[in-house]
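Okay, handing you the structure first.
Here the chain labels run A, B, C and D in written order, and each chain numbers its own residues starting at 1.
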Amino acid sequence: MNNTNNIKKKIRAGIIGITGYSGLEVFKILERHPHITSIDLFSSSRAGEHISSSYPMYFDKDYILQEINFAYMEKNLDVLFIATPKGISTKLIEDLKDLDLKIIDLSGDLRLKDQQDIIKWYNIEKPSSQEIRSHIAYGICEFNEKQIATSKIVANTGCYALTSILCLSPLYVKNKHMENALIDKKHVIVDAKSGVSGAGKTPTNTTIYGNVNENFSIYKVSTHQHIPEIEQHLSIISNSEDYQYNQHVQDNKIPAITFAPHLVPMMKGIMVTCHVQLENDGISLEEIHRIYQDQYKNSPFVRIRPLGNFPQTKEVLNTNYCDISLNLDLRTNRLIIVGVIDNLIKGASGNAVQNMNIMFSLPQTSGLKHI
Amino acid sequence: MNNTNNIKKKIRAGIIGITGYSGLEVFKILERHPHITSIDLFSSSRAGEHISSSYPMYFDKDYILQEINFAYMEKNLDVLFIATPKGISTKLIEDLKDLDLKIIDLSGDLRLKDQQDIIKWYNIEKPSSQEIRSHIAYGICEFNEKQIATSKIVANTGCYALTSILCLSPLYVKNKHMENALIDKKHVIVDAKSGVSGAGKTPTNTTIYGNVNENFSIYKVSTHQHIPEIEQHLSIISNSEDYQYNQHVQDNKIPAITFAPHLVPMMKGIMVTCHVQLENDGISLEEIHRIYQDQYKNSPFVRIRPLGNFPQTKEVLNTNYCDISLNLDLRTNRLIIVGVIDNLIKGASGNAVQNMNIMFSLPQTSGLKHI
Amino acid sequence: MNNTNNIKKKIRAGIIGITGYSGLEVFKILERHPHITSIDLFSSSRAGEHISSSYPMYFDKDYILQEINFAYMEKNLDVLFIATPKGISTKLIEDLKDLDLKIIDLSGDLRLKDQQDIIKWYNIEKPSSQEIRSHIAYGICEFNEKQIATSKIVANTGCYALTSILCLSPLYVKNKHMENALIDKKHVIVDAKSGVSGAGKTPTNTTIYGNVNENFSIYKVSTHQHIPEIEQHLSIISNSEDYQYNQHVQDNKIPAITFAPHLVPMMKGIMVTCHVQLENDGISLEEIHRIYQDQYKNSPFVRIRPLGNFPQTKEVLNTNYCDISLNLDLRTNRLIIVGVIDNLIKGASGNAVQNMNIMFSLPQTSGLKHI
Amino acid sequence: MNNTNNIKKKIRAGIIGITGYSGLEVFKILERHPHITSIDLFSSSRAGEHISSSYPMYFDKDYILQEINFAYMEKNLDVLFIATPKGISTKLIEDLKDLDLKIIDLSGDLRLKDQQDIIKWYNIEKPSSQEIRSHIAYGICEFNEKQIATSKIVANTGCYALTSILCLSPLYVKNKHMENALIDKKHVIVDAKSGVSGAGKTPTNTTIYGNVNENFSIYKVSTHQHIPEIEQHLSIISNSEDYQYNQHVQDNKIPAITFAPHLVPMMKGIMVTCHVQLENDGISLEEIHRIYQDQYKNSPFVRIRPLGNFPQTKEVLNTNYCDISLNLDLRTNRLIIVGVIDNLIKGASGNAVQNMNIMFSLPQTSGLKHI
């Protein structure tokens, strides 16, 4: 596709859920996106209000939050971003799926392919049907570009899941390096850390300043809902089209990972520290480093750090990058993979817009290079 | 020992290094300690200055920092705390070891029993001799009370090391539960997180606000100097009196642990998250919980949390507690042990005073219950 | 009173509102107070629960929150601390005032002597009667010791009010220095800054981490409810027994102060910066410094900093001190008075216990010297 | 100027001092600026190093820090930004002033028109000559556009100074509203608060995390070097072309302001709270509000908030806005003016680029609208 055509492509966008952190970030990115010609903001709870009632610094902007109206959406939108709490998009998608517009859902409702997993991990009683799920692309741009490009609905990745997936996938993808197992898949530990914006914007005992500040806590150990999302993806890339990861876990074809998330006293940023056991004593850190560079050589937002150079969350703040570094503990032959992102950008809004770019045949970096 | 005797016991204390975080905290605790009758403060760089030149809020106190003077110390002190940067106590101990007073060293210089380990992990060229080392007690009160009580010199534990040791030791101590190995010692991962006070008080690029605040970073992966301290202790409690842990690691008798320390944007607090693989499918979390409670039933400052109750660093701030909780990931049969401390109290000053209490036959809790 | 008697004095205390920040701090201080023999905890919303349901780190303590029961209180308590949100103690005091026990109220309900002011500044529709108010001592220990000592009910000072009062009062007290006016009372500006714990523990849009962290905001400019509290006190100390400060303000006998409170991204600590215009060109900073030292020479918790030494909030954290410093801008002949406190200690719990000490004829410092 | 021409305008920029906070921010803005075609980075201390030795996250960029070389600069640059510590640009300007390129100095060295003031307030022994100073434009875009547009050298405003000036100037500018004095110029108090990035990036006891975090402090009361910068500007706009503000202060033609700066535990953001005494009882807040709106109606980066809407520093973070709000304390007839900026953007780099835009006849907003 040449540049001239890009210039002409015009996209009319809508957002449901701008009162949350992710929705606001989507809005900010779209406002500067060269192909976006209009943005409609929808809210069920605050319809009719000016945007400044939610964000006082926008007193000089011209946005009124609108009622959710499907007919209006079909007529006036090319793409709709849904950034709502758990359970809402399960309901919305029933109507939205038949409209003539593309949908990018930032919630977790639609990410798991198996209804039973949603019930188990998300505690949603009546999840969307298996039929709907089968048409949804999982929005991990680095591995799923083709399916995203041709899908009407994309389920944007979870923040922890995306970082973990980008860190671990090169060890699972079938390729020449992987003829022999590189790691012992029984011993995959993801020790994850997130800033508090991951917990959303609703005032709760978890998000109050007095409980976050000068505190470090651990939560949802081995029960976090991003676990099946990670395992499902690793299962698929290890085994072609199959996503029956539960069976695979049971059969030890793929790992049941141990996942321990922690809350960091800061606003934004995720680091995951993956500890995996190498099977093969002979492989060098340099070889592994090359495998990772190779894997992501066409992925504009994944950067493999030079060896010895560990990323900090602050270094990717306000960018769409996921930076990854590799370290080998020679005493234990264990590989420590460290990945960092801005959880509201690459972990939510930036990745969502990257998905939009793919869906509309734009360069993946459109509107994202200079956040 | 009865209470009446305690009341009469009078201890004259000295501190070298009050200008650092740990030294200051030792000072604060000693000021309120019921058995301390005098405190002398020593400094090589700031001798002659009033304490308020370092701490303006102490403008109404009567302390002048003094030159280091061994004759004065022998005459006027019963115990001396050394809280100096790497390498200083290596030099001081040459003279101090012959004086008639007890010494508690908060630095890392004297913790490792093997000279070669100091050279390797601490990069100290001329460490204290093997002869000196053989007379020093390692100051982990919960496992080493007898040796501490009878030693003239105690090497206070490192902050990460103490937390990791208290979390892991019940799995290594020889006892009835351990006839059969409980865990697979090849797979012990300690993912550790510390507030920035652990990096000391000297202004550096690491400790500057702009690099700490709203940032989460990882450092010294598998090279941190507390690794041999942890392994040495685990080796000793697994194998009676032997501390040749390097040989043990090579022989796979004890684990080489993987240790990944992280810097948290907060002032104080450490959490270590230990991931260990259970060997025995049959053991229940409740049984493990009992083993831990049993292990520490006489340790006033180690608290095993009820199952399901995870500690946060803030909950032990300004206390001498180490709180530990246990979690079993049933999908992977992996035990996640979480320990939290205040790194400047239980991880330094509080533990140092606890050692002093043992050395002077006081209750371990003397002066420490109400920090 | 001699020491021996003090040792024997035993006080049974109760607290309503331990689930808030101030109530918790009162609890912590009383637990270590040498004269407190028992503590009862009351809660309307959480009666029957173990204290660990509110504070998990207290899983090893023996406290159950109890129903509010006046008969029980009268029989089992000598003093009751009330640390509840606005409006609650207005109701409770109706019954409590007749019981045979002393009461210290940490809320703002009872601080203003004039019913109309409560209605105006606190928006409480039916405040306690003028009759009740006339029997209540205002709990500013440094100026009101006699009345506190003989009162049954004390209204503990507000945090901003206390700091402002301690900073400004030496300029208003009638004494030899004040024969001629020292300052131009038309130009008294209090620019105040507080950590977020002052806003209480309830999760709200104001107290959520995302709105506090890395943010500095201003609120309630010239409408904050501590304004009349400050003016009432200044009016009284300027004019003997009269507290009709509203009339005084109108008559320009005392200043209407300008008060601008700000929210600082930190948990605890208040600084007030008072800007006052000196009337008298001739008075030196040294003279003013002496006036302040003189004023507080018998106040154990007010410290006048040496000239040139400005306090920081961190320097009084976890203490009951109010530190004050003075600075003269020679170019404008304006005096800048800076006061700092820990808002939960001297600004609430510590001052409340100081009041208790006075009420029970204990030394003011009892249980407070070593917080 | 029409758009077509803008598109064609190409500017080659250089930066000295990218290792500091302001220099880095200038770099970030220029990288996205539509008219910048090249950026050269200069450093005396780190010449020859890749940019990633200072900023590891730029490992994939192509910048090498170069020696300062005047011949190279003249040949290859159209504009040079100097973002160095105190005293450096005083030296550099001797050579730079004769080169054929425009210069924007972000330091304080060149802001004051009178040599004696530099000596007094900046403690620079040999400041640039009066001759050099007379050719330098003071870079306050909102009041000095014409002079900036025609000057070769611009002294960019100080962060506190800019905010104070934008808050106060509408009260000083000669215009129809000001025939009668609006405020009593003897009583102008600026109580200012800044995040710690204002103190620079060098690790010191002031900038270390342990001293900033959970702390609020006051410093340089009535001695801060931005005081004469503010007074000089107010003097000029009150009295046409005259900048002898010292004489004016002495003659009471303009105020000697009281300035009290504070350090806030956050990275970025400034708020100034100005307390001024209205002379005229009759003027309403609405009228004053209109005067302010009028003053800045053509200033794209100054926003007057609606009445009742107070800005927070976070609301202008990462923008070039200065938001101002007005509040009238009816009890004291005192006007409280609140201004907020991002100190590294509008307080430094953004304002510097805004100056560049004016110097090159670009729209002021070029490259700045979407930071």
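List of remarks:
Everything that follows uses one rule, which is that a contact is a pair of C-beta atoms (placed from the backbone, for glycine too) under 8 Å apart; a residue touches a chain by one contact, two chains touch by 3 or more.
What you are looking at is a predicted structure, and each value in this text was computed from that prediction instead of being measured.
Chain centres here are C-alpha means, and the one lying farthest from subunit D is B. The chain pair with more C-beta contacts between its two chains, of A-B and A-D, is A-B. Interface residue usage between subunit B and subunit D, two copies of one sequence, is largely shared: over half of the residue numbers at the contact are used by both copies.
Centres computed as Cα averages put subunit A at a distance of 39 Å from subunit D. For the pair subunit B and subunit D, the distance between mean C-alpha positions equals 49 Å.
Annotation for subunit D: residues touching 2 or more other chains are 213-214, 266-267. Of all residues in subunit B, those touching subunit C in their complex are 31-32, 56-57, 59-60, 213-214, 303, 305-306, 309, 311, 315-316, 318, 323, 370.
For subunit C in complex with subunit A, the touching residues are 21, 196-197, 201, 203-205, 207-210, 212-214, 266-267. Residues of subunit C that touch subunit D in their complex: 186-187, 189, 191, 193, 195, 211, 213-219, 221-222, 249, 256-258, 260, 262, 264-269, 271, 273, 275, 277, 310, 312-314, 317, 327, 329-332, 334, 336, 338, 340.
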